[in-house]
Each structure stands twice: as structure tokens, then as C-alpha cells.
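Would you mind keeping the following structure in view while I ask a few things?
Lettered A, B, C and D in written order, each chain numbered from 1.
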Amino acid sequence: MSATSRYSFLGPAGTFTEAALLQILDGDETAERVPTTSVPSALALVDDGEVDAAMVPIENSVEGGVTATLDAVSVAHQLHIVAEALVPITFVVATREPMPLSRIATITTHSHAWAQVRRWADATVPEAEFIPAASTAAGARGLLGEEPAADAAICSPLVAEQLGLHVAAAGVEDVEGAVTRFVLVRRPGPVPEPTGADKTTIMIPLPEDRAGALLELLEHFATRGVNLCRIESRPTGNGLGEYFFSIDLEGHIREERVADALAGVHRISPKIRFLGSYPRADGKPQQVTADVGDAAFSAARTWIDALRRG
Amino acid sequence: MSATSRYSFLGPAGTFTEAALLQILDGDETAERVPTTSVPSALALVDDGEVDAAMVPIENSVEGGVTATLDAVSVAHQLHIVAEALVPITFVVATREPMPLSRIATITTHSHAWAQVRRWADATVPEAEFIPAASTAAGARGLLGEEPAADAAICSPLVAEQLGLHVAAAGVEDVEGAVTRFVLVRRPGPVPEPTGADKTTIMIPLPEDRAGALLELLEHFATRGVNLCRIESRPTGNGLGEYFFSIDLEGHIREERVADALAGVHRISPKIRFLGSYPRADGKPQQVTADVGDAAFSAARTWIDALRRG
Amino acid sequence: MSATSRYSFLGPAGTFTEAALLQILDGDETAERVPTTSVPSALALVDDGEVDAAMVPIENSVEGGVTATLDAVSVAHQLHIVAEALVPITFVVATREPMPLSRIATITTHSHAWAQVRRWADATVPEAEFIPAASTAAGARGLLGEEPAADAAICSPLVAEQLGLHVAAAGVEDVEGAVTRFVLVRRPGPVPEPTGADKTTIMIPLPEDRAGALLELLEHFATRGVNLCRIESRPTGNGLGEYFFSIDLEGHIREERVADALAGVHRISPKIRFLGSYPRADGKPQQVTADVGDAAFSAARTWIDALRRG
Amino acid sequence: MSATSRYSFLGPAGTFTEAALLQILDGDETAERVPTTSVPSALALVDDGEVDAAMVPIENSVEGGVTATLDAVSVAHQLHIVAEALVPITFVVATREPMPLSRIATITTHSHAWAQVRRWADATVPEAEFIPAASTAAGARGLLGEEPAADAAICSPLVAEQLGLHVAAAGVEDVEGAVTRFVLVRRPGPVPEPTGADKTTIMIPLPEDRAGALLELLEHFATRGVNLCRIESRPTGNGLGEYFFSIDLEGHIREERVADALAGVHRISPKIRFLGSYPRADGKPQQVTADVGDAAFSAARTWIDALRRG
């Protein structure tokens, strides 16, 4: 990332999305981070050229966006994914000043975050009243100022640190190990180099709504040994019975097996959208058997070319 | 539905979820409707036997829940779906008293709903401040009382009517025709009778994470002519690379082709969960070709039995 | 085999077909063996009830029949296969009296057998004239009588022994290890008991002549883990572009996975013909993975039945 | 075909194979026809460069060769098919001089031909004795000379005409409409131009003997919309459980869908053998849907190339 880069992200400051962005920036102090109030706003700044890229949530977010984000990236904005980040979901109980948990009468946070700490809340602060906030970061910020919105906020460790809040309790989430997935998107350009541990994201309109149509689609991946990481059917909004598939697959478009599979799908669904090939956040290298390695594709092409020449 | 039925739903009163419940009740005045503050709470009341069934949002909801709901229905609660409802998403601008839109300085609603009326808000009330609420219904209710939380609320037509609010503008959603899907769940019991236009919902742990595993799964549906309405891969939470599939398919478990396909999947994934066969809300009848009709299954069985007897 | 059994076989006495029959009879001295001049004649005797079963060649035979035999068994005669036999193809050079090979001026045998010893003949008796015979056994028999048809005959060890001929050379076949396959057919009746190493033979009219039709057929076998030993497309004789498939598969119709696969195929091709389940001549036991074992089928059915009851 | 071409064929003169060759030569009087006594001999002349091409029987022949021919073409000789011919199988009863059928006491022909006229023989000349001949043509020739081998011969119309024999009866075959298939093979060279109605013949060693292996092979054809005309599994002769597939498919290697399918198969079975792309004898044009037309392949490649450049 160059020294002058600017990044929008789903704000306000201190969201898990900003944590994801900091993870990708990896200590780059020169990068400018621009919070926005919504995913579409973050994407619009990329479209307009005001920022170089946007970090937005994709999966299981407590801050909104989620599945609709990919639709927006693909359809409304035609952007490309160039990186992904996984951020563990962990919450702290933040207060303005040190105080015993038993004295907390009101707690503010986003309603999704509240749902994820309910068991802790029922056990620890059963009498506390919930005050909804527009985001976990906004809730934390509400503790400051002349008229604090609540006694405590449920928020990310990042925002508590940024605001200088006291951490009254940490790890209060009911489910341990939850992870949120984020992607960094930018205007179409050179695809990031393959790393040997990559993902490719695509959207495929289903040409026909009948038994076997999805099967025929997937045969194109299976015959090239391309594994799917994620598949979701999603309504196109054009009426009942019309779908597209949102798919993450293992591998990079510069790998022959991925390119060949996508070319096959393009024939039956020419409106397929390529959303990017990028390094996997988990770094898990793909297992590629010999029959779908680049050498096998090259050998096959050499054979065919020789036959055609006669 | 019997005269003494009780139903929990994701409240408070006036949510789209209550609208979905009213749709299913179809004018039954005797049914009791019990609002809850979260989807898990609504489901817990069913588990405990305090209500007969719960109405919860499944897809595209503006009120939370969404994809995680099915996981909860399946894993935490082991309930069955017995009905589905589709509710068009349309918003009104509600005020306590009639007033010109230009005089609205503050607007309250759930942040998801706010995201869905932003274009209208930017064009019509660009100066209005957004006050987050825990739900659209809670926002509307905030207009009442001694200290109204805002001048106006974005909410469903139902809640405006229930609270006697003035409708200052209707149909303010940015996207027309959006629909939210809800399901009615109850403890396992007799499956609703087939209607000829049914859906079946299942969850299938993927036995192996490799290219072709999903294909082999889907072959079980394709060979029985069973069409999928929806498929989503979802992480099991047991670590990276392990998934299950959440699937809606056309047809009823009392139909041979559906039963045969599910039996086939059960062999390769014995932990498959059946979440219910129920009438489709859109009433679209399934197209069944002769080779997968009940008569074809019956004829095949007769043939095999005769051969085995010799 | 009962003490009074009668068997027709493609004769005359001493053919490889008789050797196959002797292999199946396994020393039963009481069985009567009835040679016929053609495969259809052997089958007709079964139809007419004059014999209990017929032994006929199926694959790679040097004595005729071959692929057309299965068509005859299936279409013209509607018989069932109850056993198979594999007979190694080995030829001897038989003469009436001991004589040096260099003095052989004329050699008689069936033209197919002659083709299979040509390298030996070119090297050893390059000057010998070939006299065609109706079968290898008929050729051998032609050495007897007042006017021998030739100096030597190429025939099976069996016929040389039966006729008391001198074996001037043995193992003269050009290709070592060739094997001919034979089947024992009878009128439809109880299927032989499963042995754990069985084959099932079927004929399947292809419902449609298009890319993917065969694939859909084979998915029925793959989804039940049923391996194919042999597949051949064969014209139906009803005009261009219409085919049926002649298939041997591993397993017995009493096994659930085989019955389920055949029932699946019956739905898309109700004119499927079952030609028998019978022990494999090579005794190779089938490998059945847990997901297609009888227990998996039983568990799946139990699960479905419980769901349907509710 | 150039004026100086020489062709070997499975002889002797007058066989159906020569009829097939004459059909391909289409009146070219300058071509030289060289009969051989066996299929391997005909092929060996091509190998040695003594002839330009060989015509050999492939399917349903009454004169031998048949399925083993393709194995020989592929394995022993590495030749390519450049044309196919279909010859209706029809037999005449030929005699040296005009004579009533009732006076025929002995009939000579190849045993396969005899099998195909048995119903006629049983009805018309039930007392006639059958004298086996090495081929139908050899049988016909046996009527000439000082010591005729029989009173009559069952042979092709061609050989009766060539030898100046009397036709005592025509169309005596029991099954009407039977057709024999022949192919013209030559040393590898330029593939014949596509005609829009072509076939391609290949041999594919099966990489693994397990349920689903054939399915995976066929998915490569189905995903490219390539229809199979013929498929046969054949033992490799290397031991039990090892097979290859002999396949005719619709289309020409110069068509993208065929080349792409063969390249896909080459990856999983690199020992695949290409035996030729050549015009179909029946002239039936292939139906190619838009998604597998050359334009769809070209569009897909253009799309991928643009994405890879970024």
C-alpha cells in the first residue's frame, strides 16, 4: 500500500471494520482512514475516486452490511475485492470511569451486539436497561460528553482504547471464537499476484430454475478440481424463481484450473461477474492434485494443438 | 389453528413479523400474540411450551434474525417449520400529529430501516437527524409519551395503525418490491399435509471439504428431480473448513421423490436435520415430470420386488 | 444342480463352451450335456423346456456368439443369467497320429482360431494350407474318418482329449492369458443367493440421445456407490440415433444399493431389462463403503419413516 | 483421393468390406484395391507404406474383425480413421448355373452369414447341408473350378456380380435393415476438414476402477455439450479390473467444444488415444446449442484474458 493511500471503512472509528482495516494496513502509519456511516457510503467514495479502497463487512457482522454487501460491491458498484480480513468478535464492557458492574443501570450498544452478550448480561447485570445505539462505536462514544447516554457500553476493544474508556469486563460475548469477515474493495485494476493460498469471488446468474441446473453449474468446478469455500443462492429481485449464486472458490484466476472453470461457466451464464482473486486471510494453502495443476493443463493443450495440426 | 392458540413473535407489537403472523392467522381473532425482544426468546417460549408456535424472520429482514434464525431453529431448539409468510417491505413516515415533512428535525427507526430509506431521506428531509431505535416498532412507540424521542418515525404501516399515529408519507422505501420471509415454527409433530405447492427445509453437514463433495450431494436431488429453492453454505463454528448446507427444496416429504432424495443424503450425511415440509407462501405449484412422480416410484418398487421374489 | 439336469451348449463337443459348462458342473457326472449348432439353438432349447439351462459365450469368444448373445438372451428369449465362467483360451495342434510339425501340409480350424495362432503358424508351419472349419471342434473331428479334412487341427485341449487325438504342440496361441467369458442362462426363476462377490447384468434403453443423458443414467449408479464392470452402447435396430446400454455392475439385486439404483433407473427408463444377479467367476469380493451398505439404507428408511409419521 | 491411391481391404474380392471401399471411392476407377486375408494384414500394409489406407470392419460385421479392429488400429498400429462407411447387410443365394432352390443339396458360406439366414434356410432349403467357408466371398468362389465345394453360396450381391454367378434368391437375410460399419484408416496426418456432421473416435484408459470414475469422465463431455454415439468398456488385458473406454463422439477436434472436452479428459487420463475426426457416414448434422458453440468458447476466453490482464 503506497504511503498516500486513503481508505474508507464502515465507521465510526473503533468498529470491527476499522480493526479489519488496521490488520490489512499492518502498521502503515501513513494511510488515511475515512469512516462512513454505511456500507454504500464507503463504496461510493471508492467509485468517486475519493479513496483508494474501502473495507466493508461480509459475513456474520455485528455491524450490519453482511450478505447485502457483496451484492452492492457487484451490482451497484462493480468493484473488485483485493484482500480479506478475519477479525475475532470479542466485546468489552466499557465505562467512563472505573465502577463495579453491579452499579451499571443502563447499557448501550448496537442491538446485534446486545443479542450476542445476552447470557452474560442476564447473569451479571440482569437489571440493566438496554439503550440501542446506531453502532457499537456510537454507543461507546455516547458515554462521553455532558449527558452520557448510559452507564456502560458494549463495544470492541479497539474503540474502548481509542476513546480512553475504562474496560470493566472483557470477553463478555456468549459465543467464543466467532469471527467476522471483511473485504477490501477497490476499482477494477490489476489482480493481486497469486500467493498459493487465494480465493476468488464470483456471482453467477442461474440460467434456469430447474432440478439439475445448479448441478450442471457445479460440474464445471468439479471437473477442474476447484473447491468451493462458500455458496449462497440469492434472489435477483426480478421476480420469483430467479436466482444468482454468490460463490467463493479456492484458487486464483491466474491458475489454469480456475480460469478454465470460469470460462466454462461463462458459456452457460455469460453474465457471470468476477469480483476478485485475493489472498486468503487464513493463509490455508490449496491442495491441487496433479490432474488439475497448471502442468496438466499445459500438457493437454500441447496434445490438442499437435493433433489439430495433424 | 385452534381457538386457544398462543403465538410468540419477534416484537414489539407492530413489527413486520407481527404482520407475517397476522397473515398466517388469517383473521383468527381468538389467537393470542406474544411479542418477545429477540428471536431466541420467541423460540424459547415454544421450547418451554408457553406458546404453540413462534413467528420469526428468515430472509432479508429489517428487524434482525435473518440467516442465523434457521441455525437457531435447527441446532439450539430442534423445532419444525409449519408455515411460511412473505411480507412486502414498505415503510411509512409516522408522526404524532399531522405536520409538514419540512418541519421534521429528528427521525427515529432501526438502523437497517434507516439504510433502506436513505435516498428518500436525502431528497426529502436532508437536514433531519437520525435517532437509532432498537426496532422500527420501538422507534414508533418513542413518539408517544411525555418526552418524544423524535419528531417522526420510519415504521411499518401496521405499527402506525396500531399506535394511532399520523402517516405523513407512505412507500418511502428506496427499493420497491422487497419482501421479507418469515417462518412459523413449533415443536416437532405431525407434518402439515401436502398441498401440491410445498417446500421442505433441511440442514446438511458436508461430510468432506473437497471439490466434488457438494456435487455428489446435489446429485441426490437431481436424480430425483428435486429442485432447490435456496442453498447456503454456512460455517459450523467447529473450525475452518467445515460447513453445513442450509437448503430449501421444492416438494413435501410425503412425496416419494423428496423422501427418496433425503434418504439418499442421509446415507452420506447421517446428521442431516429435517426442519419441516410446509406450504409455500407464494403458492407456486411444483412441476413434477412423470419419471419422478409418485407413480414412477411405485412402479419401480413393484418391479424390484417382483425381481427379488424371482 | 440336481442329478437329472440337462444343459445345452454351443457345440459341438469339445468347444471352449463345453469346457465352461464342465467348470460350472464341477464334476457332476449325472448332468446331461446337449451340444447345439448355434447360440440361438441352445437358447431355444431352454425356452422350450427341453433343457434346464444353456451355456453360451459372451465375450472375446473364438467360437462366435459374443456381444450378440446378450441381445438374444434379453430380447428374443427373456432368459436370466445364473452363473458365469471364465475359460482361458489356449490352443493345441492336434493330429491323428504322432507326426513332426514339419510334415503338416494342411491345418483346419475355425477362422477366428486361425487368426489367433497366425504368428505361431508363420514361424513354425509357414507352408501349411489353412482349411476353414465351422468350429474348432468340427475341425478336430474332421481329422477322423476315412477322408481326413487336414493333417492337423487347431483346437482346445478338451476336444483333443475327447477325440483321442495326438497333441503335437500346446499353447500355440499368439497372445497369452486371453480369457473367454461364458454365461449359464435359464428361464426366469429365483435369483441365486448373494455371495458377496456378485454381478448383475441389465439392459437399459437410452430415453434420449443427447449430451448428458448417459451421465444422468450413471448418476443413479454413482449415488448408490454401484461400480460398473462393463458398459456397451448398442444400436436398438429401430433406426439411427437410438441406443440401449448393456451393463454389468458389481453387486446383487438383493443388496439395497443395487436395488435402489435399479429402481432409480427404472423411473427414467421403464423398459430396463434385468438379466440376472449371479456369482462372479473371478470371485473378487465387492468393496462397499459404509454409506452404501445395507445398514445405511435401513437407517435412512427408518429416519424417513419417523419423519413422515411426525 | 488422388489418382494413384492404393487401398488394402479385408478380402477376398467381393466382401462387404470391398463394398464399403467402393462406396468411399465413389466411382474413382484409378484407385487400386488390395485384398488381404485378415484385418491385421490390411493394417500392416498401411504401416509399411505399401498402401495409402485400409478399409476394415468395425461393427456387426459378418466377416470378422469387429470390436477387436479398433484395438488393433489404436494399439498395434497407431493409425487414424479418416472416413467411415455403412453397408447394408443383404445376402443373395448364388449358384453357378440357374437351378431351382429345391435342388440345392449343399450350401457354403461363412458361419456367421449362415447364422443370419437360418430362418430362410429352415423354411426354404431345410434339407441342405452347410459347408463352412473362410468368408462369404471364399464360399462363392468355391462354386467355381472343377470340383465345386457346394451347389450354392450365401454371399453379398457384389461378389455374385464379380464372379458372374447366378442369383437364385436375393434378400434372404433373416433380419432386414442390418448395417455393417467400416472405417478407412491411414497413417497419422492432417485431420480431414470439419463438415458439420463429423465423428471423433478415442480410447481412454480408465484411471481408477471405482464407482463414479466413469461419471467423472463423462462430465467432461457433458459440460461441453458433447454427445456420445458409442461407448464400450474393454479390458486392457493387463489383468482383472483394468479397463479402457472406446468412444465415438459427435463433432470434430477442430470444434472448440470437442477440443476442450478432450483436453479435460487428457488431464485425468493422459494416455488417451485420438483415433481420428472424420465425416459421419449417415451425414446427420450435429445439434450444437449456443453455450457450446465456438463463439461461446471464444467469448469466454476473451473475458478471462481481459480479467487476467486486469
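Here is the rule we use: a residue touches a chain if its C-beta (ideal position, glycine included) is under 8 Å from a C-beta of that chain, and two chains touch if they have at least 3 such contacts.
Predicted model, so just to flag it, every value in this text is computed and none were measured.
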| item | value |
| --- | --- |
| Shared interface numbering between subunit D and subunit C [over half = same, under half = different] | same |
| Intercentroid distance (Cα basis), subunit D paired with subunit C, Å | 24 |
| Intercentroid distance (Cα basis), subunit D paired with subunit B, Å | 62 |
| Contacts with 2+ other chains: residues of subunit B | 212, 216, 219, 222, 224 |
| Chain-level touch network, classified as line, ring, star, complete or other | ring |
| Sites on subunit C touched by subunit B in the complex | 188-191, 216, 219-220, 222-224, 253-254, 259, 262-264, 266-268, 270, 274, 291-292, 296-297, 299-301, 303-304, 307-310 |
| Of subunit C, residues touching subunit D in the complex | 38, 40, 64, 66-67, 110-112, 115, 118, 130, 132-135, 138, 175, 177-178, 209-212, 214-215, 218-219, 221-222, 224-233, 237, 240-241, 282, 284 |
